[in-house]
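Please find the structures below.
In the two assemblies presented below, subunit A is common to both, partnered first by subunit B and then by subunit C.
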Partner chain A sequence: MTKLIASSFVTAVLAFLVLPVIFIVWVAFFDSSFLTFPPPGYTFHWFAEAARNPVFLNGFVTSLIVVAIASTISVFSGAMAAIVLVRYQFPGREALNGLLLSPLIIPNIVLGIALYIFFIAIADTLSIDLIASNVGLIIAHTMLVLPWAVRLIGANLIGMDRSIEEAACNLGAKSGTVFFRVTLPLMRGGIVAAALFSFIVSFENLELSLLIVSPGHTTLPIAQMQYLEFNMDPTIAAVSTVQILVIAALLLITDRFVKLSRIV
Partner chain B sequence: MTASMMMIPATGIILLALVIPALILLRYSFNAYDPTQLMVEAFTLDNYTRFFHEPYFQQVMITTLTVSLECTLASLLLGYPVAYFLATTRSRFKSLLIILTIFPLLVGNVVRAAGWMTLFGTKGFINVVLMYLDIIDSPIKMMYTTFSVFVGMLCVILPFMILTLQGVLESIDFSLTEAAENLGASPFTAFRRVILPLSLPGIATGSILVFILCMNAYSTPVLLGGPSFSMMAPALYDQIASASNWPFGAALAFILTLATILATLISSLYFRRKLKAMAA
Partner chain C sequence: MASLYIKNVTKDFGPVRAIDNLSLAIEGPELIALLGPSGCGKTTLLRMIAGFVEATSGRIRIGERDVTDVPPNLRNTGMIFQSYALFPHMTVAENVGFGLEMRKIAKDERMKRVREALSLVHLNGYEDRYPKQMSGGQRQRVAIARALVIRPDVFLLDEPLSNLDAVLRQSVGNEIRELQQRLGLTSVFVTHDQKEALMLADRLVVMKAGRIIQEGSGSDIYNHPNCRFVASFLGKSNFFEGHRQTGGSFTTAGGLTFRCPDSNLADGASALLSVRPESIRLGPEASKLDNTLEAKVAGITYLGSLTEVELGFPGSDNITVQLQNRPGAEFRADIGAAVLAGWTAGSAHLIADHGES
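Our next item is the complex of A and B:
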């Protein structure tokens, strides 16, 4: 009896969590240009409509470009930093670690505002407008996802058995060979997790990017947000459904490499 | 490559994209504002004192704190049993249940807010069903109310709470409850006197994490609360983007950051004392 109550409570809470996602996917197939229950019929029409919408299409492309570049930079620089932070003892190590993780503590909206006034200051003094291109967004998102890369790759390094590297050394391998043939392959799990997690965190971020976007350089969540402030219809539901599918695919890939419950 | 060289890229990114911008923002918060010239170089605390003199912004801060506290409490009450179940279950569906918890988290706040809009709108699912069942005659207003913001935010923070609690609960040795029960404690007493104190660090970490998320929420209050529902993050954005009052906006940014850090410190102190009292 208690078991039944317990499992129905858990089911109810989890249903509450997925409810909005289920509804947005359902609405995307409604054969009606506005929101109406029950739907008069079902159609794939809104996906084609969404793909033709230049704002959403550009948003999707901008998001992909920004996310791909920012994730790559952050995984490389995060991996290097994680190796040093995990394997070397030096004064100020804790402080440096805290500094690299600080984007997680400061409100994203504050980070976005600080970057916005910084980019404007750069535009005023150096006449380089970082907001009118994707560069500003890439800088912002690299900073945003760097702590995840440091944390995930670092956690992987802490759990690594160093005796394999020592064995390779004892057998005469040079330090470079040890790194590329032993350490790097062992780091794979952490690197994959860092890359995919950076991708997801950056892809869905809104607050940080709000001020540093410009026409033609707007990310998908911001395009969705601006649309939603005036309309709620099957077109935006279709756009959201595509985004949900992308995230779901990435989630399944990530889960094959690392236990998701360990990293969130 | 030396160790210090390997630290340069990551440290450089944080210095360039976070430390320097934050220092400029801090400097701006001491500047003066003039409606015609916008920002005027100065060194004044006016922007900070203005926050404490304007009833509007105090109200915004109170709303933000109230909603954040309510959501944190609700997420704890709903999340703890789920986390407990996930930590103790031997069900083969466990990893599926965990994926179900994480998935909405990664879908993004905007998409989920859109999902709630389809449910809460005047012609939304809930109103249509209630009217069809003749429970109500005319639609209930759910969108742009405290209720819709509360539900939307709860949905955003609940996965974080569940995952944090689950992590801590999983590290607890549950044979301790059996020991307590063998010694004559009822299951409830065993839970209250053994498991609950041991999971207190998880309760603390989870509550602090979700409280911070609520304090800084932007998209959920804007989309589900509408223009009349003001919380700190949207108010802050408006000062910079619409009012173009950078000095005041900068001051608000630091007040929000400070309030968040302060609330975090107070609650971690509270939990530490509670933990000591329980251990004694």
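Our next item is the complex of A and C:
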């Protein structure tokens, strides 16, 4: 009996999580400019429409560039920060830890405003306009995802059995060799999880980007929002479906190399 | 095969003195067991030999080489860890070959020696497995092959059996002992299990609070413990506090007098008389022995091959007696029944009393 209740509860939660996704994908194929139920028919038309729209196309490219660079920077620097934070005791360690995690606590909008003001100040004093290019966005997104990278890689390091590294050293490996032959391969799960989370968090972010984009440097979520201000047709569902597919593909590819259920 | 000399080594972790001016020499193919309660410094001492812990003072020598300031990767020790510490991302062959690779041994020679090492631990054919595809006992044997393939000068084992079940503990333990003897390895084995130490080691080193309390063969230490701590750490014992008297007798604080064995304690010295539970006889056969006591049965515990009897009597703490069970001759009595207990003078042991508990 309790088993029945438990399984129906699990099913309900799953449905709650998955239904909107299924619904959006479904709507993307409606052969109608309005949301009518049941749909008069099905079509690929909205995908073609989305692909023809330069705003979405540019948004998609901008998003991919920003996400790729920000995730790479955050995984590299996150890994180094995590090693230092987990493995070494030094004065100011707690402060550094707090600082690295603070972007998680501050609302994205506030973070965006702060960065916007900061970038303006830089433009005024140094005449470098970070907002006119993707650089400002990349900096902002790196800040956004770095806490995730530090946390995930750090958790993996904390769980690591130090005696494995000692065994390598005992067998004659110098510290550099120990790091590249043993430590780094053992960090793989954490690094993959960090890269994945960085990608997803950055790819989906709207609030932080909102204040930092400039014409011609719009991310995909912002393009979607702007489109929604004036239109309400399945194009937006088609774009979302592509987004969902990108993330799903990423999850599947990752899962081939590292079992996700083990790291997240 | 080499030898290992530890000379006046001390290790402080901040205010904690983990190893206290300890000296120990192991010459040639000998397996010694470091034995002692939790926190007495066994692991710290082993890790100092391996080079993972720096000595605060003192010297460590392996053969002719003073290794005190040599980093761990150049010490040529072979270490076995409690958690196996295999490289999970490498196959068994890669694990075992790692030390040879670090020594720049060519691939063909390496593979040959890896196979030899695996056959030593009866794991031929497992070359391409990953550690997670093996059982605990197999993993520990891979770790043993990995440590021995480099032909270490000293073989170091930190509680290598503690993650294994009772049956495997026995078989992997025997395997370690057999390899150690066959290859003539100078070995240090850390354990807090006295059975393991007695089973495997040539010499036991009993530690407490960073010092060596007593060292010697298993039977030496069991039969001639030099203090109450050793007597109760290695096996059980009954202690009577009192004084040695002239003419080979011993009087307890409670006024009992026993005949006791020869000892180099001075007459009148305060001492402990230690009587092992298995040295005590009960009933009619006790009456013929040197020392007898009228006691009351306070408890009986059946333990298969043994029966443990708790006895109470005036003027002393309870004493424990262990009786060998033979078919049809198990000890039976009611709680509270009067019984005669006795032991021979030679089966007891006198220990100088330094007031420790």
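We adopt the following convention: the second predicted complex is superposed on the first by the 240 of 264 C-alpha atoms of A that agree within 3 Å, B and C clash if a C-alpha of one lies under 4 Å from a C-alpha of the other, contacts with A are read in each partner's own complex, and residues count from 1 in each chain.
Criterion: contacts are C-beta pairs under 8 Å (C-beta built on N, C-alpha and C of every residue); 3 or more make two chains touch, one makes a residue touch a chain.
As the structure is a prediction and not an experimental result, all values here were calculated from the model.
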When the two structures are overlaid on chain A, which partner does A:V21 contact: first (subunit B), second (subunit C), both, or neither? first
Quick check on the superposed pair: does A:S8 touch subunit B, subunit C, both, or neither? Answer first, second, both or neither. neither
Is A:P221 touching the first partner subunit B, the second partner subunit C, both, or neither of them? first
Report for A:S133: first if it touches subunit B alone, second if subunit C alone, otherwise both or neither. neither
Greater residue coverage of subunit A in the superposed arrangement, subunit B or subunit C: B
According to the stated criteria, A:S33 is in contact with first (subunit B), second (subunit C), both, or neither; which is it? neither
Using the superposition on chain A described above, determine whether A:E166 touches subunit B (first), subunit C (second), both, or neither. second
Counting only touches as set out at the top, which of subunit B and subunit C does A:Q243 meet: first, second, both, neither? first
List the residues on subunit B that touch subunit A in their complex, please. 3-4, 6-7, 9-11, 13-14, 16-22, 24-25, 28, 78-79, 81-82, 85-86, 95, 97-119, 121, 123-125, 128-129, 155, 158-160, 162-163, 166-167, 212, 215-216, 218-219, 222-223, 233, 236-237, 240-241, 246, 249-250, 253-254, 256-257, 260-261
Within their complex, subunit C touches subunit A through residues 50, 52, 72-74, 76-79, 81-83, 85-89, 98-99, 102-103, 143, 146-147, 150
Quick check on the complex: what are the subunit A residues that touch subunit B? 6-7, 9-10, 13-14, 16-24, 27, 35-38, 73-74, 76-78, 80-81, 83-84, 88, 90, 96, 99-100, 102-103, 105-111, 113-118, 121, 139-140, 142-143, 146, 150, 200, 203-204, 206-207, 210-211, 221, 224-225, 228-229, 232, 236-237, 240, 243-244, 247-248, 250-251, 255, 260-261, 264
Complex contacts: residues of subunit A adjacent to subunit C: 161, 163-164, 166-174, 177, 181-182, 185-186, 188
